Amino acid sequence: MRGFYIGRFQPFHDGHRRMVEEIAEDVDEVVLGIGSAGDSHTTRNPFTAGERVMMVTKAVKDLPVTAYVVPIEDLDRNSVWVSHVQSMSPRFDVAYSNNPLVIRLFEEAGVEVRGSPMFRRDVLEGTELRERMIHGRDWEDLVPPAVANVIEEIDGVERLRRIAETDTDGTEPPSDG
Amino acid sequence: MRGFYIGRFQPFHDGHRRMVEEIAEDVDEVVLGIGSAGDSHTTRNPFTAGERVMMVTKAVKDLPVTAYVVPIEDLDRNSVWVSHVQSMSPRFDVAYSNNPLVIRLFEEAGVEVRGSPMFRRDVLEGTELRERMIHGRDWEDLVPPAVANVIEEIDGVERLRRIAETDTDGTEPPSDG
Amino acid sequence: MRGFYIGRFQPFHDGHRRMVEEIAEDVDEVVLGIGSAGDSHTTRNPFTAGERVMMVTKAVKDLPVTAYVVPIEDLDRNSVWVSHVQSMSPRFDVAYSNNPLVIRLFEEAGVEVRGSPMFRRDVLEGTELRERMIHGRDWEDLVPPAVANVIEEIDGVERLRRIAETDTDGTEPPSDG
Amino acid sequence: MRGFYIGRFQPFHDGHRRMVEEIAEDVDEVVLGIGSAGDSHTTRNPFTAGERVMMVTKAVKDLPVTAYVVPIEDLDRNSVWVSHVQSMSPRFDVAYSNNPLVIRLFEEAGVEVRGSPMFRRDVLEGTELRERMIHGRDWEDLVPPAVANVIEEIDGVERLRRIAETDTDGTEPPSDG
Amino acid sequence: MRGFYIGRFQPFHDGHRRMVEEIAEDVDEVVLGIGSAGDSHTTRNPFTAGERVMMVTKAVKDLPVTAYVVPIEDLDRNSVWVSHVQSMSPRFDVAYSNNPLVIRLFEEAGVEVRGSPMFRRDVLEGTELRERMIHGRDWEDLVPPAVANVIEEIDGVERLRRIAETDTDGTEPPSDG
Amino acid sequence: MRGFYIGRFQPFHDGHRRMVEEIAEDVDEVVLGIGSAGDSHTTRNPFTAGERVMMVTKAVKDLPVTAYVVPIEDLDRNSVWVSHVQSMSPRFDVAYSNNPLVIRLFEEAGVEVRGSPMFRRDVLEGTELRERMIHGRDWEDLVPPAVANVIEEIDGVERLRRIAETDTDGTEPPSDG
């Protein structure tokens, strides 16, 4: 059986890792979809899809499950989102998500969805992690060691800090005011 | 003579219906453009274009006017918006709108625009209606009966409630945080 | 029961009309999807979506079936095409098509498809009709009278002839060589 | 040597002009990129690219530097933004910017970036200028005379005021609520 | 009075130059639109928009007319093409073209169009020039000297030759067969 | 060291496999980019990105190299293609290609490119393989066994045959003539 789990993974952290561990108990193979693959260099999405492919691949390779790591670009059209995901992914039997919109979209398309109890949601949350990076607080203990290595290799914390200085909120196109 | 009236119609309500009644006094044929046709499954745009085509068509079919109901996808470029609308619609002589941006765009393109007094703006407003659906308050009396039927048929209130639970504000792409 | 039938309808001709007549024997309501809705002013797609909405609406209004006429823009991505069509159309139970690709896409998505014997395929074919318009041969007898009227009203034959003179094959963007 | 300087220039004001004067001391030729070229008719981006081409060209033509004025449409993808800018612009040796995101993107791509002290940042800022136009306060003294002339010629203040009345925040597509 | 003239200018040659000379007799200012601005590195469109901006600007700067050189990306939608061009260009009174499609689109939009006798059409044609570059035949005498200099500076002939070797016809995306 | 190799892999065949074997002698890790990832259900691109992810992953998993398999959607803009590829892929040191356009684009961006002698080009070519599938000739011996299994599992030959029957050449959008 094959499962599907999507996230933006900005960055991939111990909560995501815990989720994959639980999925690995259900299935033989898991597809890890990297959402908003076209986004990068914003405070909300600092890392490129390729950088996240490296993080995720290395962070789960010790698990007893075959993992496919697939970047998925946004189509900005919820009504075709499930078909888009299905076309980018090896065929899957069940989707894992705690996001109400994702659950609804899969259910309307007739795909089985399973949730999962969140693990240490207070700190294991992307926004919290990125805030810690920006403000120089501890974050390395909240991600798999392989992820910390990738972020160091790509000079990721410095990138995030520089972007966070910009006047705009990071969703504006990069042209001066 | 042919008139044009565009709205997102999320959902089509009695205020919209009243507007079409008034337009029907001026013209023989009216084009009802369904704006943001590509959007759905968000708290602001819960219903698909196809669902809205059904709502609008059924809600005006008793009126003494020939109605064309045409979905219009966003192009995200105000400068070509009028040309885009004109290409998707049977040719029209006058546009009806109370939206200052729409009025300005049509006027700059040399299209005649007519406004209309709003009818019971306090409750007959899309945001108010969607809030009522989410929180289980009365809304059926504020829309034409045919619209209430369509929303029931597509399980629309449940969809809106589920989407409203999501962490994001509904404008984010559907990937887990 | 509701059926769905899509075509580019450049222009809507007697073969299309015959197809709708046959569909009308099966269903109460039919959705007529106008494909490649964003294309116009080429030899292959001379008429805008709005012009085709008028042609189709007027050409079928005497039939004993409720017809929805819906422009559908291309997404250029076959894997999400069925979802896209479904989002733009009132929900339908069966699709009608003789196009192998359309049939395959609907079938992979689990939608029932029905074919139909073609009617006078030799002349009732869009390419043939457009050739006749360009070269001044008879074409009016091959389309419903309402369609001939719309084409005359929009000066459609002259447009097609002018476009056909262009050096490029009509698929190039409109910039001088 | 050739320099590159990008802004949305909504409108081009004395602070921008001062920046170009300083760049002109470093280089023989300067490319002035008009960012978000596809946007117009919003409170944040009221003027079209073509209107801004006129403003900028006339506002710098007395300077002792060859200026290329180039509209640049958004691609909404930071990772390819530098390549996109480079493809739309004559080749340049150095980019000028005070925007942290722009600086970071150019630096990651190996392009030299130079900053510049801001000049009277309190009033010489696009948002401030547009607010003054909307509320009928003085703004003409904060832009080059040629820019004031263009804005008058295109009836720009009236356009901005009308758009600012709209219910939405100006980033929504133009369809009635 | 201001005129508008669009071409792909791959490359800008003596025929284009002659056309601008004639336009300069009619108008004070001319906008030179660089069509298909997003295309480059194909046999049909070898040069980037930025490279063409340089060619055109240098090739007309001795003429007694103010020239705006504006890249214009394709929107792939003929029905909004005129609005798109108008939004990217300073306002113009008359368009110059010999292309039937361009003429038709401008005329349907109510814009005056003027044609011009072609000059030495046999050799002064983009396809012919690019063939000469690929096959090592003379081409420098058919373009303004400034254009030859730009092409040399960017190593343009070598680029074109390399691209022409590719198996595909140059319109395919760059992925191996 | 990390290498990059892109192909459409429609399907992944023994020639592709041989190429990866050779790359594996140079590098520790290889990124296999699946080009034209958004295309499927045409005679030229019958398989979805997800189906190709499965084919490629299984076909190289016995090789002594870490492989990342990454779908890459077309951006239709050669000038930003390298940046796009780099953003979707883990950072790489060298690209492998025999395609002149790909080689040129990487070289202009300063990326090292290595070619490779083609292996049995007469039969190990995508077009030839797809022709064999359509016409019922042998093809299984020309692809890795894992690829043949995936194609069987997804009923790929039947899909290709059905699509090949369509009147259009497979590049047209799916709307009836």
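Descriptive notes on the structure:
As written, the chains take the letters A, B, C, D, E and F, and residue 1 is the first residue of each chain.
FYI, contacts are C-beta pairs under 8 Å (C-beta built on N, C-alpha and C of every residue); 3 or more make two chains touch, one makes a residue touch a chain.
Predicted model, so just to flag it, every value in this text is computed and none were measured.
The chains touching chain D as well as chain E are B, F.
Under the touch definition stated at the top, chain A and chain F share these contacting partners: C, D.
The angle of the rotation carrying chain B onto chain F, fitted on C-alpha atoms and rounded to the nearest 5, is 180°. Over half of the residue-numbered contact pairs at D-E are shared with one candidate from A-C, A-F or C-E, namely A-F. Because chain B and chain C share one sequence, their contact can be compared position by position; here over half of the interface residue numbers appear on both sides.
Distance from the chain A centre to the chain E centre is 44 Å, each centre being the mean of its Cα atoms.
Centre-to-centre separation between chain A and chain B, using Cα means, comes to 35 Å. Among the residues of chain B, those touching two or more other chains are numbered 38, 40, 48, 77, 79, 86-87. Taken as a graph of touching chains, this assembly fits none of the simple shapes: it is neither a line, a ring, a star nor a complete graph.
Chain pairs that touch one another: A-B, A-C, A-D, A-F, B-C, B-D, B-E, C-E, C-F, D-E, D-F, E-F. Per the touch definition, chain A reaches chain F in the complex via residues 37-38, 40, 48-51, 53-54, 57, 68-71, 73, 86-91, 154. Remark: chain F residues 38-42, 48, 159, 162-168, 170, 173-177 touch chain C in the complex. Contact residues of chain F toward chain E in the complex are 6-8, 33, 35-36, 72, 74, 76-79, 81, 97-105, 108, 125-127.
Chain D contributes residues 75, 77, 79-80, 82-84, 86-87 to its touches with chain F in the complex.
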